[in-house]
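Inspection log for the structure reproduced underneath, given as structure tokens.
A, B and C are the chain letters, set down in written order, and residue numbers restart from 1 in every chain.
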């Protein structure tokens, strides 16, 4: 059973409920054919949404994806590509943010060139800058939309206040806010990010939904508690693995979260896809929450 | 002079400015007649609003109130009953939250059964859950409203962001947000909760307005400072007691707060009612604030 | 080249991009003629906006300004006067807040009397009080506006939530939120204040944009780092001084910030005016940010 699909907001793109991330892909050592087979393995289980960024691997993440798409051109129409802009050195030696109009436009041109495609499905501002000018971003988005080079627009790591600011300048919706959360990182549940997504009916995307592996390897008291509880829930669900339960836990929020896998291993992608079919009870979900906070529910 | 009354929001219920709480009522050791006399004593001073919850005393708080109402049926139309749902074990051994539609409906049915009444005046979601689905809650509220089993709906312990989320799904207003505050617990003044209530013209309710008695007994530096300042203000107001001044302090906010008494002692209820007639000056109010924060005003 | 001008919001007043503050003016030891010459020196570089408050110097700041305006009446129409109300002892011995209607009206009457003018260009509520009644403030503002005694209204030190509350009660916009920020004090960039200003297209004013001199004198690690980075940026900009770079840094935010100078020294005012022409790159701005936070950008 392939994983399900959702539209991220009214008028937004349709994504697979689990996305494949390419933040670490330059370390996978895949040539173009191997990368294409990896994408195919995801497609086999229903993962069609590919999440990358101009900055990942200093451009190599997009380049490797582009190599695969060039060698296997039929793949392009079977996937949605999400990329990001706004982080770089921009001709200096200091890594910083630039979400000015020229920078956004140039970044998209470079991404399209590296990806060997004529459009991306969604472009996200990678990080909010304290200097960000919402009118300038809106102007850039409008131009990219009119040209057809970018179909949808969103943000990443924005606070509710920043999301509201940028949204106020656009004639079309921001289709996602890609933020960090996992059973070990609960901030978006508490700081209003997920409240806002649910209120606006916008799907968030979750980066590091497995806490970059800390869920499995960390010796912190929090990780030890959460790992034990995920295992217990997995057993109750008929033997689901810890990463499946962790992903199902992230998927469970009513805002229609799209967690992003970080792995480059086909077998782990296949396993992860099984999370979509798991249905945690409220009790099971909140036991993991309590294990994470270390405090009883009030 | 009976205490005054307010409508909690446009179209909302009319409550007495001070409510009687039943969180601890299973410890009062009142039989049905004694409980009825206790309610009558409140009515004598104008307290008509009774605040309880499905979870208080594991259901016994509602049961004891119902026993009194059954024995003295004329009481029902002289009071407003506020109850709450969403906390429990729900068939497990783990205390948690369930604000799903079936759970809300079932909880109200059980509350009505225990209370021996055909309706409650207001139903509150007792605690926000990180998993709460606003559409599902709205659906349950709509059904309960149509059936006449619940006249008004509100929340308890919600952040401004959660209040805005749930409110966005309803065709009628949330009539209150019942939160903790007192001269010893200032969070709602600082975190936007009272700003939101004032902006939306919704009366908050205040639980533990006397800080569960810590105001009178705690040796913390904060409590000692606040107690001294309340006593000084009481003297200036012609001999008002510390609990009267503390309640008057909570009542003083322009959002029309309804503080909830926790006591089961008739004489303390009578004394507390006197708070409604006290009029603290801004200077007196802010002296108590400064005593609580331990810092001069900026 | 005189410094530029901005309208603080749609329908709002037009201010110089840098304002002159009078918080410390009673310590300058200027007689009326000297004060007039100081104002003239500001006008020479384009500073027309004068920021004071009823409480500054216990009324003496307004009085000294009034002495200068009385002696040199032609000055009045060449400047915009911003004053503030709501802090005082109000007949007690306890410094506190009173933003009740009678207090606001009385404060403005006293300010006009001290300033020897028939109107101020903008009146700000000096500090948010936890007791503030937005309807009462709105009522006072409406009356002062109708009488022509105050042309525009704003606030100071308000949180976004408090700004939204008061704004919800007014038929005209709040024209500014005067808050503290500088390269050493970043809170408004983080807590949503500047997001809100940008979203609503309202110019904030910045008090202590040079951190009351700590930028130049403090030995804290943060100040040492920021001072070094400001100096480096100044050198890159062809020899701009540290205070010029710091002011240019504050001016750079897209919300059209109006920083307020605190100095009474003509030569420092002249130097500061040079900040308006400096154009920091995003890289330079963010290097100062990183020096202030002590952490790399995420």
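Convention: a contact is a pair of C-beta atoms (placed from the backbone, for glycine too) under 8 Å apart; a residue touches a chain by one contact, two chains touch by 3 or more.
These figures come from a predicted structure and were not determined experimentally.
How would you label the subunit B and subunit C contact, same or different, if same means the shared numbers make up over half of all numbers there?
different
Fitting on CA atoms only, what is the rotation between the copies subunit A and subunit C? Please report it in degrees, nearest 5.
Copies differ by a rotation of 120 degrees.
Nearest whole angstrom, what separates the Cα centre of subunit B from the Cα centre of subunit C?
Roughly 42 Å separates the two chain centres.
So which bits of subunit B are touching at least two other chains?
In subunit B, nothing touches at least two other chains.
Quick one: which bits of subunit B touch subunit C in the complex? Just the residue numbers, please.
Those in contact with subunit C are residues 160, 186, 189-190, 192, 194-196, 198-199, 252-254, 282-283, 285-287, 289, 296-298.
What residues on subunit C touch subunit B, complex-wise?
Its residues touching subunit B are 90, 92, 94-98, 100, 127, 129-136, 157, 159, 161-162, 164-165, 168.
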